[in-house]
Structure formats: structure tokens, C-alpha cells
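Chain IDs A, B, C and D follow the sequence of writing; residue 1 opens each chain.
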């Protein structure tokens, strides 16, 4: 699926400078290390509620995060740790949010499915499949209206391509020529059900592009360079007033859908073959090939682990949120008062 | 728009036998006469509430109505008088429903936007744009499950192609290969807004077909023969287990969207040109050309008028519904009781 | 003071705010070129141009979602839902996204948007275009909810809703669009969360909302002829709710009657009765009474629709029976 | 009697009905091959095959709409909405189509379908996966609404819902899926519209629903130690509502306390209080009290979620304060 276009992108990606590449490597390694830790903490019963990891899918967040301007907007799903970190949100509050602590990004009120950091352009993680596509369209409309030159990038899963909000958002974004980039992370599965078994076309996003007058774009979602290249191209297009794009980034999650799901519904050979396409070792190897010293890469690995350790300790040390937070911030005056 | 395919269909349509053709002529004339009367009664303030006429669009209802099997299902919109009559529902209860009388098809409880006659396979007229597409899918699923060989035909406007339910229904219908035929009556306008101004593609239905693995089909919605031919082909396909079709029937309404809307937002030349494609005189002329005696056609015209007159008088003579109907038939036991 | 129809007052309210604040934008189906299906937004496109006043596709989730995204990023959008019944087609965006996002983000995200929508019965449109749905919105934490009944109030409450930093749903009364009334000259802004005592009385308090308000006033007039002195309160704002005005009134009259257009179960009147029962139980001389549409969908025929929704006669009779 | 978990009782209830009636079909997201995200439908695919038990795309409008179309034409479908919060994504189909169609067609159309959905807090999932939304459904004429709290009830009420000729929404308690209880052997069918008196008492009536029921029972136990005799009613069915049982109890105890998981405004407890206030006002010795989640979205962190939803301690303290 998408092999041709994938190969094309790879060859073009020769232009990416080394600084950018190292930034992407740092990003995927940080996400990988963070997500593994989140999983460990879940097994230790320290992560409360659910959590949806991006293990194996890091290249998409890293490629886009690196290509975006500081004031661009990210809209993502419950599977949003990666996208949040990729925009430069510090690890400690993200980790603390997973643990339901006062020091969390939303002081524990949102939880792992609702990571938000307006300061970093992370305009929310949305837990209802497809809902954030229209909302991202609205942010793009606002950017257009304000002439701010900002672009909204909206990430969603393959499963979201079959919900009504997808269709409405794509059409409105196209009709109003809005600066929005729709990125479908096609990891071949919804929760436990293969996307191909419930979708009328083989490529759930790309085969829908023409319904909105858009070019079909499929990219290897495990190749940071390929993702970066398509991100730059589509974000430029959006920023220069040429309207939205729809990208299907093909990838695979290493683990289950969420929490302790062992992902047993997936054939062993399939998992095997995708493990061979793990973005972290592959990208590391590419950078080595391109002459990056092993010490440089190792420094990045070590630094990522240090950051994650630090975040873990800080998050664990943070107390539970005070219970009066239950009744704050329904309204802009900070209260939840509904009567006089 | 769609001229080539239209011409194709016309040539194939030579096979239609004369009995079928006369049935279609009768159907379009009956609908035309009924709708004009409904309009008059509206002006006389006898039609309460709103009413959405199919003047100019009769060929679609007639073509499909004639091609459908007696036990097939019709799902239509608030603009549903035509489709209801085309399935053989008697005029009097339809007219009485428009007038809000006890003798109405639903004793006045539904009104002009909700015409339903289960006995005739008319499974409802739906007033929320797009909502009935998933419901029609469900009827097709039931037909498939029961092995009944029934087909569900679902009519909707161009405007409905931009709502989420359209997308979800088309995908599910295709994935489950259901016996459902989706018919978009593209009359170029939603209420007052041209469909092209809010849609990312020129053909709001046909250009979306490939998103569901379907063939794009455009047909001249003012030509009963062309509509009939495509109806037979797609209904056969559905009945034989080959799954859904999506048809865009291009047409035009002679009047406004509803009630007393004069439709002033439409350019005079556009109206003029479409008046030249009025299905009633055109089809009459074609039948004459094919050798049908004028007297035969005139008999049909006269009989239609007689039926409409009769229905009008009967409807007017029907009393208002008794007020205790307000509290009946929420539940299957006939009551509206929510407590003991 | 100028005399305006309710529908013209809607347009005047929107225009006043768009004039004042360039971040106010207005979108909806058929609202621009056609001036709205109820002609409540005529002239806005001409005055503010196609960037700020836009017709949309029939895509309620997309347009209300777009309003949300815009509100989060610096605009103050107004979005029209042609009929309040269509709230159901974008209820996830309204109830799960717009209402909850500030809270979930611990106050990071602003949500200054207005949803205006035509609400209620009276047009013989049938069950899918005639609902009174204020209670759907009231039940969702994070939404403010108003239902103006006069031209002055609709202008002033739309203005207040636009200026409010939180999401507000304005339920406009479909059946009142043609009604005329005095509207103050110049800038006019009402306050959210304030009920209006329309008639002072001693024997009982009638709390009504939307098109039930003029009926309650008329009923009070008739009851007065029979020597019953009813206080009439236009609740106006369900969230925030002016419990002070209502409780104060009930404490004086010792009786409460609510008049609701919604079907019975879980209407705003139930909430009001539960507040009154809890907070001024000892002041009550008699059981609080709710007058509502029965718990049925709205029928289409004029005879049936009129019988379903509370009428002046039903209000008078119910009160009379309960006093007797 | 066998001991089953609530989740296994769900599967048992569906299986019992699919076995009995070949027109019963079951669809939903991840319900077939995976047996449901709450593992409440394990084994049904294997037992009844892929025609009758089907995984669907993430298309709530399409799948609930499909259930409606199927119900109108001869099937008795059961459709799972993975979380009740997702009702918002198909609310038009539920509230405007399924609920109203029989009425609008003057009884022509049958609508025998069941929507099952996982409801409520306790899993630290945050505001979009933790709502208690029974009142949304209760407010819509044309929907029947039940909320079982025990394995026996969930089996029996699912069976009753499938057999009922009208649309029924079964709110399953997410936080009770792991709870075990005795379930009668053989065919087991409950009755819709019947409350259960779980504990007889004299001093006050506690009416609770869903996961608030075990808390109310525990609270009553603690109060008993203090000499307060509380009657506990599991409301079970909101529509039809067993007002007879509730009114009878309140007439005897003269006090009513509702325990609701929903946020305050327009909850089912408000409706109950308004009925009690209207129909047995003179029997009441004190103001009816509502204990609810405050009117806020559900927070995610364990400490916050536990503080938001009514707890045994809060029930005990509130009642104690009101008796004191």
C-alpha cells in the first residue's frame, strides 16, 4: 500500500539538512522513550485511566512537529502524547497528567486523552473519533480571517475516515480554501478491528481525497524524512493560500490499542514485518550512513532517557490535585456557578 | 453537466415498452397536477405548515416508482409528495395530510414533511437532511438478512451530499454490499444557496462515488426513460447481491424551495433554460412521436385532474383530527404513557 | 425607542456587535445572500461583506465545529442553526466539545461563541422542526442558555451573548419573529442570568419561558378578573439561572407554577421545582405545579399542535383547579 | 442460580434472546471478533455467526440508523454504542428519528430496537468517556430508558428490552462490569417500568439509579447504625417510570432523597422531585433533597473523579445534615 509514492518521497528527501534530521531523531527518540516509560508506569498502576501510545508511529509526529512553525496549531486524538511532545511541550507536565497529578498539564482534569498546551500550539487532544476535524477547520478559518499565516495540522486515525465529521470537515476546508493539513495516521487497525474490513476503499484517506477535489497523498509514516518532506510541502501550500491537503501516513503501532491490550488480533507475520520497519533503528541507521557520529546519536539517546527519568520523578513527586479543582474553570471567571 | 451519460441512456431506453412508458406519463402528470393543486391550496391558506413541491422534478419519482417492485422500500425527504404518489399511495390521504385533517395519511400527526405509507413501501419522509440515508441502509440490511430480495431506494437532495450521514451511509452500504440505491436529486440549489458554492467538487454526488468504490452515474433527471433505465439497472444490481449504487439525477425545481418562496435568487436565463426542459411536455411530445394517440394522452391528463379534484374535495371535507390524537401512538400499545 | 419586529431585532443585535468588534463573524445555512430562512439576518452580508457573513454547506458538525475552532483562536463567531432540532445533528460538538473544553484544559482554552437557533412550535412543521429544546442545553455543564421573548430582549441578549467569554446558546422563538416591540435606541446590551418580573402578584408565582411568557401574562390577566393575583416571571436565562428573583417571589406568594413548552420529562421546570422545593419548602402553601406539553413529539396539524402546547386557557384552568 | 459478572450477564442476555428469536441481530464497534472493549459480548460471534453478530465501522449515525431501518422492516436489532457519551454523535438518529417515527406516522411504523451502552464514571477516562446520560434519553418522548445495576437485572432487562416492541436504551454501568452476582438459571426476563425496593425503611426514601444504588444501600446501612431507617429504591427504569412504588414509599417515609450520578441540572431526580412535590406534597415532612455530581464535566484524575461523583460518605453526611 502506497509503496510507490513512499519511494518517491524518500529520494526527494535528500535535501533535508542535518540539523533538521538531528532534531527529528531527537524527537522520535524522546517520544519512544517517553511512551515506553508511560507503559511501564501503567503496568505499575501509576497511570490512571487509559492511555494510547504511539510506539512505532513516532515518525509522523516528529516529521510534522519539526516542519511546523512555532505558532501553528496541532489538533490530535487521544493518541496524542507524541504530537504534544513533538511541539516542544515539556515532559514533566505531560507525564504528571498521565499520573493524574496536580502538576499535570491540566492539573489532572483532562487526563491522557485530552493533552492540551495552548502556549505550544497544541490546541487539544480529542477523545471522540473525528470531532476535532471540524474544530481544526475552524482554527484554520480563524487564521485565514486574521491573516496570521498560521496553519492547522490535524492528526487522526484510519478509523476516523468513516465518520461523518471527516466528510463535513474536508468539504468545508476545501470550499473555503483553508490553511489546514489533514493527516491520517493509518496504522491498519481501529481498536481491534482491521480498517480494511469496514471500509469501502483500500486506502481509507487517500481514496477519499478526490471527493474534496484534493490530490491523493500516501506517505511512509515510518520514515521521518518522507513525512517531513510532505509536511513541508503541504504546510507551505496551506500557508500560501492554496488550501487544504489530505495525507495518508501508513504506519503501525507496536503494542495494543490502549492500556494492557496485547493486540493479539494481529497476525504474527504482520507484526514481525512491521517491527522490521521500526522508525527508530531505521532512522538511526540512516543518520549513521549519512556520517553522523555514533557518539552524537548516543548523546541524544542518553539525554532523552535522562529527561524521561527526570519527568517521571517529578511527576511521581507531584501530589494529587486538590479536590476543589472539581468545581473550577467551567466558565471563564474560573467558577462553575450556574445560579445566583 | 452529465450530458454525455444522459445521451447514452437515452439511446438505450429504446427498449422500454409502451405500457411502462404510459405508466410513467401517468405518474408525472398525476404528480404535476397534484403539486400544482397543493400550491393553490397553500395560497388559499388551506395547506398548513410548510410544503416542498417537486414541480419540474417529477421524472425521477416516476422513473423509479415505475421500476420498483411492489415490496421495495422508498425513503425520501420532506420533498416527498412525488415519491409517495409514485408508489401508488392514493391522493386523498396525501392531500388530507397536507391540510392537517383526520383523513390524512397520518391523521395530521406527521404533516407534509413526513408522508409515510408502510403498506405501499413508503417507509417515511424525513425532514432532517441526510438522516434517512443510514435508515435506508438499515432497511437494505434487513432485506439482505431476511433474504427477501427487496431493495431500498433512497432519494435525497444535492445539499445532503455534504452532511456526515451521507458519508457514513454510503460507506456502510458499500462494505456490507447492501441492496440500496442512493438517488441524489440534484436541482442545483439547497434552500436558497447554489450547491456549487458550498461543495468542493462540481458533481456533488457523482464525484463522491469513488470514495465508496462505486461507479459515478449521472442521469438526466428530467427524462423519465433515462431515469427508468438507470433505475432498472441499479435496482437489478442491488437485488442480485452486487451492492449499492449512487446516482446523480440532474434536475431543477420550477418554483421556490418551499411554501411561497418565489425563488428570486435564481438567474432568469437559468430558469428559462430549465423551463425548456420541463419533463411533462417533453415526455408528452416523445410519446406522440412514438405514435401514442393524442386522445390516450389527453385521457390520462383528464383522469389525473379528476383524481386531484376528487382528492381535494375529500380532503377538504375531512374534519380536523380529534385532539386526543395528541397523546396516542408514542408506543406500540397506542398510548403515550410514561408512568404507572 | 424604535419599534422593531423580533426578527429585525435579531439582525440589529448581530449588526451592533459586528460593528463594535471586528473579530465577530457570522456563518450559517442561507444566512448571507438570502438573509436567513426566517429573514432574521437580512442586510448583514451587504453591510459586513462576504468574509464576515458566510453561507455554509449543510454540515452542522462542520459549521458549529468551525465556530468552536475559531473561538479558540481569536474570533468571536456567531453560528446560526436554522432550527433548534438540528442541535441533534451536531450535539457531540455542542455537548462534548464546546461545553467541556475549557474545563478539561483547566482553563487554557477560551470559548467565546454564540449559537443562535429558531426554537419551538407554532408553525405546523411537525415533530422534527418544532421542538422546544432549552432543557437539552441546560442539562450540559459548560453551556449558557437564554431564551428571549421580546424584540428588546433578543437584541440585548444576543449582544450580551456575543460579549460573554463563554459559549451561549440563544433560543429564538420561531413563533415570535413577527411580533413587534419597542427596542431602545443606540447600543443595547442585556445581562445574562437575569429573570424579569413582568407582573407583580401575591397569590402565586408563574415562571415561564419563551413563547409561554406572553401566554402566562395573558393568563394572569384573566385570573386577575377572577380575583387571583399572579406574579409572572420571564425566566429568560436558564444558565446562569436567576434563582434569587424566583425564590424571592415564591417566598412571597407561597405557590409556584411553571409553564414549559418542552415535553414534560426533565424540563427546566422540574429543575426549578426541585430548587424551590429544597430551598423554600417551608414557605410553600401548596404543591408546585408544572404545566408542560405532554411527553409526546410535536404533532403537525394545527388542531393538534395547538392542543399539545400549553395555551392560555390551559394555564388559567390548571391554576384555577389548583386554587379551588 | 449461577454467579456471573455483570459483563457476562450482558452476553448471556443477548445470547438468550438471539437463541430464542432469529430476527435478533447484534452490531457495533469491536463487538464481534474482539468481544467488545468491555468484553461484555465475548462468544456471541462464535455462537451466532458473522451474519448476526457484526463489527462495524466507526460510524455511529450509520450503525444506529441501520438499526432503525432494520427495526422498521422486520428485524429486532441490538446495537452497541461503546460509550454513552457517543450518543451525542448520533443524537439526531436517536432523538429525532427513532423516538418520533411511530408517532409521526400515526402508529404505522414499528421500532423494536435496543441500544446498549456503557455509561458513567469510575474509570478515570475524563469528560468525554465518563458521563451519566440517562437524563438525555429520558427527556426525549418515544424512548424507553433502563439502567440495570446487578448481573440478574442486566440480563433480565436486556431480554425485556429486546422483547419490547418499542425502542429501549439500556444504560450499562461501566463501573459494575466486573461485579459478580447471582443470576437465575434458565430463561430470565425482567419487566420494564418496575422499580425495586432494596431495603425497607421508615424515616426517608432514597431513590438511586445505576452505580449510585450500591452506594445508597451502603449509606443506608451506615445510617441504620445511627438509628436512621432509610428505604432504598433502585429506580431501574426511567421510562416507563414506576411512580407507584416511589410515591407509595414517600407517602410512608415522608422524605425523599435522590442520588444521581448525572450533573445537577435537569437530572432524573429533578423530575422525580417535581412528581413527588406535586402528588404527595401534604405527605412530605421535609424538603426533598437531591444529591448529584456538581454541574461540571467529569474530571479525569482519580482524586477528582472520586470527589465529583456522589460517594457513600457524601450521601450519609447530606442525609445526616438534613435530619439534624
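Here, contacts are C-beta pairs under 8 Å (C-beta built on N, C-alpha and C of every residue); 3 or more make two chains touch, one makes a residue touch a chain.
Here the structure is a predicted model, which is why all the values come from computation and not from measurement.
Chain centres here are C-alpha means, and the one lying farthest from chain C is A.
Set against one another, A-D and B-D show the most C-beta pairs in contact at B-D. Chain B and chain C have CA centres that are 36 Å apart. Chain C and chain D have centres, each the mean of its CA atoms, that are 30 Å apart.
Distance from the chain B centre to the chain D centre is 40 Å, each centre being the mean of its Cα atoms. The set of chain B residues that touch two or more partner chains comprises 107, 109-110, 114, 126, 128, 131, 162-165, 168, 171, 175, 197-199, 325, 330, 336, 338. Across the assembly, chain C contributes 56-57, 59-61, 85-86, 88-89, 92, 96, 103-104, 126-128, 141-142, 239, 264-265, 295-297, 299-300 as residues in contact with two or more other chains.
Of all residues in chain A, those touching chain C in their complex are 73, 75, 105-107, 109-110, 114, 116-118, 123-124, 126, 128, 131-143, 145-146, 150, 152, 164-165, 168-169, 171-172, 175, 325, 328-332, 334, 336-340. Those residues of chain A lying in contact with chain B across their complex are 162-168, 170-171, 174-175, 197-201, 207-208, 210-214.
The touching residues of chain D, counted against chain A in their complex, run 29-30, 33-34, 37, 55-61, 85-86, 88-89, 123-129, 264-265, 294-297, 299-304, 307-308.
Touching chain D in their complex are the following residues of chain A: 48-50, 100-101, 104, 107-114, 126-131, 159-160, 162-164, 190-193, 197-199, 265, 320-321, 323, 325-327, 330, 336, 338.
Put simply, chain C touches chain A in their complex at residues 25, 51-52, 56-57, 59-75, 77, 92-93, 96-97, 101-112, 141-142, 165-166, 193, 239-244, 275.
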